[in-house]
Amino acid sequence: MRNPLVGLGLAALIFGAGAWGQSLSAQDILAGMDKVRNPGQAFRLNNALTEYIRGEARNRVTLVVYARENKQTHQFDNVVRYIDPPRDSGKMVLMNGSNMWFYDPSSKASVRISPQQRLMGQASDGDVVTANLNKDYTARLVGEEKLLDADRQNRDTWHLDLKAATDEAVYSRVEFWIEKGTFRPVKGKFYSDSGRLLKIAYYHKFEEQLGGIRPTETIIIDAVDENLVTTMDNSDMRAQEIPDSWFQRDFLPRLKAD
Amino acid sequence: MMLFKIAFRNILRNGRRSLMTASAIAVGAMALILFGEYVGYMVRGMETGTVRGAGHMAVFRKGYFEFGNGNPSAYSISRYKSVMTLIKNDPVLKPMLTVVTPHVSLFGIAGNFAADSSKTFMGSGVVPADLREMRKWDDYGGFGSSGDVGLKDGDDTHGIIGKGLARMLMLCEPLKIEGCPKPKKTVEEAPMAGAPAFQFSELAARDRAPNTPGETTSEPRIDLLAATANGSPNVVSLYVTEARNQGAKEIDDMYVGMTLGLAQQLLYGRGEHKAVSIVIQLQHTAQIAVAMARLKTLFQQHHLDLEVHDFRELNPEYNQVIGLFGAIFVFIAVIMGIIVLFTVINTMSMSVMERVNEIGTIRAMGVRRSGVRRQFLVEGLFLGVIGATAGIVLSILFAAWFNGTGAQWTPPGEASPIPLRLLATGVAGFQCAVWLGLVLMATIAAYVPARRAAAMKVVDALRHV
Amino acid sequence: MLFKIAFRNILRNGRRTLMTCGAIAVSAIAVMLFGEYQQFIAKGVETGVVARVGHLTIYHEGYFDFGAGNPGGYSISGYQKVMDLIKNDSALKPMLRVVTPQVSMFGIAGSSETDTSKTFMGIGVVPSDREKMIHWDDYHFYDSLPRSVPRQFHFGLNDKKTDEGLIGTGLGRSLGLCGHFARGDCGKYATDGSLKALPARAPQLNLLAASAGTPNIVRLKVTELHQQGFKDIDDMYVGMHIALAQQLLYGNEEHKAVAIVVQLLHTADLDKARARLNALFKEHHLDLEVRDFTEIQPAYNQITGLFNAIFAFISVILTVIVLFTVVNTMSMSVMERVNEIGTIRAMGVRRSGVRRQFLVEGLLLGIIGATAGVALGTGGGIWFNNMGLTWHPPGQAAEVPLLVRTNGILALQLSVWAALVVMAALAVLFPANRAARMKVVDALRHV
């Protein structure tokens, strides 16, 4: 799979906590969208990542994601467990702040992967994405626009331009189109530090999930390698208390999936 | 004085023998000198090539040499410009410097995604004007210039790549490289059954950037991906003007040469643009020790967390090759020395033996044994001087001629042939050493037969045939 | 009669004979030693390379040009069958010495104790095969070594201990593992370039590698730090058992091989073997390509090219010197006997007779001198080898014995011998001719 970990990072993108305010500043709109994507409590869900190359499905991975807000950074730490395909079953990825650990049950060993190493090999592996856009980005309202969503439906949207406000922000600039009134994300464009467009995300298939109407499928179009498109499908999002120990590297061998 | 006069006359008198002996010495001198100049040229050539490309030394953040491999952003030099100013303005260092320039090296993935190919690359970000200046270094003289850098100041969008990398990224045609293999399709997994077919092409097309006017689509372009220090994925475009052979295959398969500005953009992103190293080139290689000591003092004084390494530490293979040359040279010199020694002893003995009558005669006239010995020693000395001098002069002439023929060779690790020459400048010390050595050898070589001649009984000597 | 007189003349002019033969012999010794040295360098470097990487390496088609970053995508499926095919082929069988599989990959190595992780380059091999390969000595260099000179063969892995391996010293240092090894500063090495782990303290390394899919991790017990020749490799190298490498690269899927390494008995068979392999693969419709060791180790050609250039230059110089020495000595000895020449001419010997006489003498002297020289040159080489000197070939970390080649140099010995005999004969001809042409009267009173 060309982007095995990118999807995981972007799973985190979707599940972030946010604040909800009354007056509609650009920052408020952003916070509103954060809330749509994110249940505001610790949770687990199933995630199916499918990779399409030149339009043909080439790879699918099924994961269980456990996410919980980190009290200090207000970002979501993730523990991800592979379910499918069988050869990868039981492998885990821990994302704890900017650290990423990979765990393999057949050797019961884990290796830390630095941000530089995530680019190693053929894939541009997982970027740890700020789940909480509101915290890490400064928003500016560009205007109101009509936009075609992923299902070719017209949506009335706020067009926000986000600039990185902290060092932890993964992308230096992000554009978002958020549906007026519902605060649902329709489309996002993510830019690198050099100003190049890296990814385009479309959000759709909104369904009831853990106390809100949330996007259950995200389509991620790679803007650098134009042959590559990834889809992420979430299901079975449930609240779950996740103990601190689960986010320790040494605990990974003992972690039992549900 | 008499001694020298007589010795000189004797030499002239025995014209043929003197010629033989002196020419033996001359040939020996020539051989040693020419060989030494050959090796010397190679060594100097290697040094010049290295110093032109990588300077004499480089300053790094402390710990880079041991731990920084593969992680340049964590071991970068902050506020490198002020460090450079500090170095350039230091009164001790100033007169020794030729170039002080920042450098960024980084790793990432280079992709030609239109052709579905990508490869890990190693990037080198330089200031083109400084590199051009460094390539003029010619402390030993006679090495000409190193050719164009391939990058333009102020143009961060263009760069060069290794030929091996060009092949792997399927850029053979646009860059006009020969010998490109045609890739066979790798075994691709069959598309998954039951996966929802979704029309992505329409979706993706909405944001596809149209070709901006003025962008020449004929110029090959690659994407360079790397992670910045805080973990953000970053990507820049590079228009490839040229593919250049980098010499060693491992480097040729990975090399991307770009401007400092582009490298910094890619590696540091929106963070502080630092440098991975500061490269320093001096007027003379001999100044390295003083310069390094001064830099260390300077860094301590200003509480800077920096370390400095010279080009030999950074290039351990360099020392190996130099050591190898040294070993070969010593071995060969020993063999040649033995031959020369033997030849001289041989010819001197023969000429002594030919003159036994003569020796008997002068002994009969009253010259002491010691006088005979001294006579021959001086003759040996003279012959040595004449022979060695002739040898040196001839070697100078030969070297001048040879260097004019324009012969070429390709050193290991280099991409293209360079002139093959004999070192002709700065060899005076070496020539003197050879001269002295041979004169000494000739004198000693004359001693043994001289003693033997002197020890003869006068009566026997007189009637020797 | 001619030979009798020539022989007697030689004996009579004892001193001159000794001088002349001596000159020829010394020249022969010099050329011999140089030739032996050159042979050692040429064949020695080849031996070093072939011992480590074999003669031919078989890859999945396209791997060499494109697959270096994606070994999983360019692996050889069913490699055991391919190996059997090769080993049983009647044309190849007599040429083969070792046929062994190999797996290589790039990945991330993490120390379980510290948080550090570094990119690594790993190679998985069959240890016993490698041990056999490294003893390749077709040019018999190591036969001539006395017992006292230690043989520097060392591979450091064990067939049974699949979880043990070695890493480059630079990698060990940057992962902070030096404390586990004898002489804990990683600064000094045993003469073969290795540092062994102190018992019970072998550090654990976790290796992660990604091929096309989700990565796998394996555990490696590092029993040794082994200095590699090039710093860039030394900073990344991990050597392990092939079973562990396969587990790392392929996980629970089919364990393939990235390369099949073939070592032959003789380098001379290389082209034949390669042709046969290509034909075999075509016959069986196998998507495989064959590369030889000069392609695997491009530095080899560069190094041999460098040495050839140096030696060519030296040969020219040596030839000139030897020529000069022999000619000089021979003509001097002739010139000393001008009286004698005058005398025998006065007695009635023709010019041609004089020339013939000296030619035969020259030949005899040449034969004696050349034989002595060649013998002494060979003996001198053997003596030199016994001195136990070492050197540092480029690209190797450890010291290797510095030898001259004293086996299998028959061609060298014969050619040196023949050349010097001819040179001696010719060298005598011209002065003899000149002396013969002198007016008898002048010759008689020559001093």
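Residue numbering begins at 1 within each chain, and the chains themselves are lettered A, B and C in the order written.
Criterion: contacts are C-beta pairs under 8 Å (C-beta built on N, C-alpha and C of every residue); 3 or more make two chains touch, one makes a residue touch a chain.
Every value quoted in this text rests on a predicted model; they were computed, and no experiment measured them.
Chain contact topology: the protein chains form a complete graph, every chain touching every other one. Comparing the CA-atom centres of all chains against that of chain C, the greatest distance is found for A. Separating the CA-averaged centres of chain A and chain C is a span of 58 Å. The centroid of the Cα atoms in chain B and the matching centroid in chain C are 25 Å apart.
A straight line joining the Cα centres of chain A and chain B is 53 Å long. Residues of chain C found to touch two or more other chains are 69-70, 106, 119. Each of residues 59, 114, 120-122 in chain A touches at least two other chains. The set of chain B residues that touch two or more partner chains comprises 70, 118, 120. Those residues of chain B that touch chain A in the complex are listed here as 70-71, 73, 107-109, 111, 113-114, 116, 118, 120, 188-189, 191-192, 195-196, 198, 200-201, 203-204, 206-209, 223, 225-237, 265-266, 268-271. The residues of chain C lying in touch with chain B in their complex are 15-16, 19, 22-23, 26-27, 30, 33-34, 37, 61-62, 65-66, 68-70, 73-74, 106, 118-119, 170, 173-174, 230-232, 235-236, 287, 298-299, 302-303, 305-306, 309-310, 313-314, 317-318, 320-322, 324-325, 328-329, 331-333, 335-336, 339, 391-395, 402. Contacts from chain A toward chain C in the complex involve residues 1-2, 4, 59, 61, 82, 86-88, 91, 102-104, 106-107, 109-114, 117, 120-123, 125.
Chain C makes touch with chain A in their complex at residues 69-70, 106, 108-110, 112, 115-117, 119, 206-208, 210, 212-219, 247, 251-253. Residues 16-17, 20, 23-24, 27-28, 31, 34-35, 38-39, 66-67, 69-70, 117-120, 167-168, 181, 183-184, 186-187, 248-250, 253, 316-317, 320-321, 323-324, 327-328, 331-332, 335-336, 338-340, 342-343, 346-347, 349-350, 353-354, 409-413, 465 of chain B touch chain C in their complex.
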